[in-house]
Amino acid sequence: MSPSGIKTEKLAGWNRPPVIESDGEGELLEVAMGPHHPSTHGVFRMDVVLDGERVIKLKPVFGYLHRNHEQLGERQSYLASMPYTDRLDYFCSLTNNWAYALAVEKLVGQEVPERAEYLRVILAELTRIQNHASTIGFLLQEMGASGTPLMYAFREREKILDLFESLTGSRMMCNYMRFGGCRVDASPAWLEATRKVVAGLPAFVDEFERFLMTNEILMARCQGIGVLKPDLAVNAGISGPMLRATGVNYDIRKVDHYGIYDRFKFRVPLGDHGDIYDRYMVRMLEMRESILILNQALKDLPAGPVMDPKAKIRNFRPKAGESYGRIEAPKGELGFYLISDGGPNPYRYRVRPPSFINLTVLEDMCLGSNVADVVLIFGSVDIVLGEVDR
Amino acid sequence: MKSVEEIKAAIEAAVPGAVVKVILNPAPNAQHSLLIDAPHAVAVAEFLRDDDELALDFLSNVTGVDFLDKEIAEKVKVTRQVPKEVDGVQQMVDETVEETRKRVEPGYLEAVYHLFSVSKKHGPVIIRMRTANRTDLVELPSLTPIWRSAEFQEREVFDLFGIVFTGHPDLRRILMWDEFKDHPMRRDYVEPDDYEYEPTAHDDVLKRAQAHKAKVSAGEVSQ
Amino acid sequence: MLGDGILKGLAETAKNFAGSFVSKERMTTVEYPEERLPLPEAARNFPFLVYDGDDWEKGLRCVACQICEKECPPKCIYIEKSKDKKPDYVGKPQIYPAKFDIDISVCMSCQICVEVCPFEAIKMNTEFELATDDRFGGLLLDRKELARSNEYYHQIHPTEASEVDARLAEEKAKVEAKAKAAAEAAAAKAAAPPAAAAPATPIAKPAAPVEARPATAAKAAEVAKAPAAATAPVAPKPVPGTGSDGAASMTPEDKKAAETPAKTNEGEPKAQGEPKE
């Protein structure tokens, strides 16, 4: 049964991209958008067939940043993969760390101390805020608002990155979480600085909203464009804000309650139309919910160790078995699938990258729209090529 | 949610002829999986998606796993007739000896699917399919018609592991370039000799550097 | 009203634009080479080797156990063990690295070498102006270029460094106490036969060791206090071997790795250049 309650039809190909007829006037034009298109967030190519301004076919081409991350993971110890996960989605290294740590902890049944769980939540929500803010900034950038909104987002992101740096030592490649806790403890000074930054965030979101939400250009270019239907979204494995923008209530923080997310009160923002504007709004509202979670977590943060003293750092050899751990990363469901054969390296190390799978429906969303909108639709998916190509 | 055994029973009741095997996972998370036979896989998948109780409408993760051919040495007791002299008469007598026999268990490629339910909010249910061997019989039915999210992921498995998914609408390489020949995630994949001078070479890197030097001195490669 | 949203947006921008002239907090530009932002204490860039005392070569804490070499994910550390031994911080003779190179063009600043080192010998530096036009010479740091004094370590990571110092002092005290106990036991043994011969004066027996005790005991108490005063340790660390040789805290596997003869580097001449300074 589909989430909208309609029994999905039989295998009639309802989940395939529609076929768009050309209007028969003039010639079709094949364009390779990318790999160095300024909007492509890295190196990504779309082979587009255009009928005038209209897109009638679109095939994404991947692999420009492929470095076989999964094989790297199979060739080295469990711990040594941790810094490499930072480089998957380099905007959100802390959530990547968490997903990987979670998968390994599930594999060996490792417990995590309270304080470490709270720190993980704080860092993950800070990551979510900076990711969503810059995604919105990039989206506006692609719309032609060159610089200003992006710089506003980056101004805030900078404060959060400074927090990351003073806790983990690095702004983006944090390498902070370990199997069974976190690497270092947060000092009272750091917590104080975090409280200050978090206290300033609502004003930033307000400001952002004030000058974007009712902006006519934004509305004209986003509303009704790149619509995704909830049935197709679920069937195509879409996750994260993109799935929730279609109205499907599925947030892994609420479903799996991984970590300690069942202790916090927050709401899951849902969209209605599944268009670009809804995706933008869902991200905006998620930032507000993240601030709520942050306030609760910073208030309740208990004292204690940040690392299970029994956890092993070196010579870590899980018993044979497999595990799939997933979290709600800012971009969607980030999963790690590990198979252990008892050795020091994983037998199989697989990353389920949300950006990559969210691109499955890129063609469906773009077909029939103008070529200028393709850039916007693509931007609203929110991808990072480090994760797509791995 | 139903346990794996119950799901197995439900599948067998709904899809006549389907062979389902439970594969236990010894890890503490107890994520057991179901091995589905390839001929009935599409029907089973459709049942899993459309069944009102399971409603596994969300295919989260598709991946491949490579298991190499295993050489198994086992001791077998064999009874043979041996000529022997008994009481001065040449006779054939039964004698039991132990022999070590080597047998090659063919490896296989495995496709693993992690299913969740968005409407019922449960999961994961893990299904797997296995190919007959690693060389020529590497076809599995594609589940893309059932779950669209398999589209790119099955392409990736095809690209990196070489499982051919029949019924996939667009089975091309996805991460490697089209002219690439091998499947780089297979465990017996041999890397190309793309040697680069490295000042701190040791362990594997040193081995590769030495292999490269040997090739250069043998005149096989130029640099 | 049409244009309403755009006007609102422009007003917001104008407010920020004007504000940046008056509010000090919004003047964010720093004239970099002349002016520098302070680095946070936890900042990390590339590893360095800590030495105690004045002589960098004598004072290196590293005992060439090669654990970091093994654990470094991109394998950018290269170590050759020495043939002879020199005393380490507790006075035990240890081998030392005859060669210790880190290729910082490969290093990804992950800090795993620091985490796994059981001897507090390798730490993260915060220097970042390392650009050079010589890829193999300039970015391949040898042990001389890597060596930094403990004072320098205190300067860049004060909290962490004092924790480390406290930990090391504690170990040193333990080792000394142990040596002391051993000496006492030996002394007691030596004293035992005469004591047995003269059971009438049992108190006189341990007199000599007791006399020697006060000074060291006070010292031990002093250093034992230090770790308690410091904040909680950063992360659980494998405690280094407290007595015997350098391989004391290693697992059998590491021991094996550590015992394999020093690997020969590939034949190519190492474009290392003369050590700077």
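Letters A, B and C mark the chains as written, and numbering starts fresh at 1 in each.
In this text, a contact is a pair of C-beta atoms (placed from the backbone, for glycine too) under 8 Å apart; a residue touches a chain by one contact, two chains touch by 3 or more.
For clarity, every value in this text was computed on a predicted model and none was experimentally measured.
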item	value
Chain closest to the middle, measuring from C-alpha centroids that were averaged per chain	A
Pair with more cross-chain C-beta pairs in contact, given B-C and A-C	A-C
For subunit A paired with subunit B, centre-to-centre distance based on mean C-alpha positions, whole Å	30
Whole-Å separation of chain centres (CA-atom averages), subunit B against subunit C	45
Distance between the centres, which are taken as Cα means, of subunit C and subunit A, whole angstrom	37
Shared-contact residues (touching 2 or more other chains) in subunit C	none
Sites on subunit C touched by subunit B in the complex	69, 75-78, 101-103, 106, 136, 140, 263, 265-268, 270-272
Touching residues on subunit A, where the partner in the complex is subunit C	76-77, 79-84, 148, 152, 155, 162, 165-170, 173, 175, 183-185, 187, 207, 210-219, 305-307, 309, 311, 313-315
Subunit B residues within the subunit A interface of the complex	25-29, 31, 46, 49-50, 52, 55, 57-61, 63, 65, 112, 114, 118-119, 121, 124, 126, 145-153, 160, 169, 174-177, 184-185
Subunit B contact footprint on subunit A (complex, rising order)	1-3, 7-8, 11, 13, 15-16, 62-63, 66, 68, 70-71, 106-109, 232, 234-239, 248, 250, 255, 318-324, 326, 333, 335, 337, 339-340, 347-348, 350, 352, 356-357, 359-361, 389-390
Residues of subunit C that touch subunit A when the two form their complex	2-6, 8-9, 11-13, 16, 28, 40-44, 67, 71-73, 108-112, 115-116, 124, 231-232, 234-236, 238, 251, 253-254
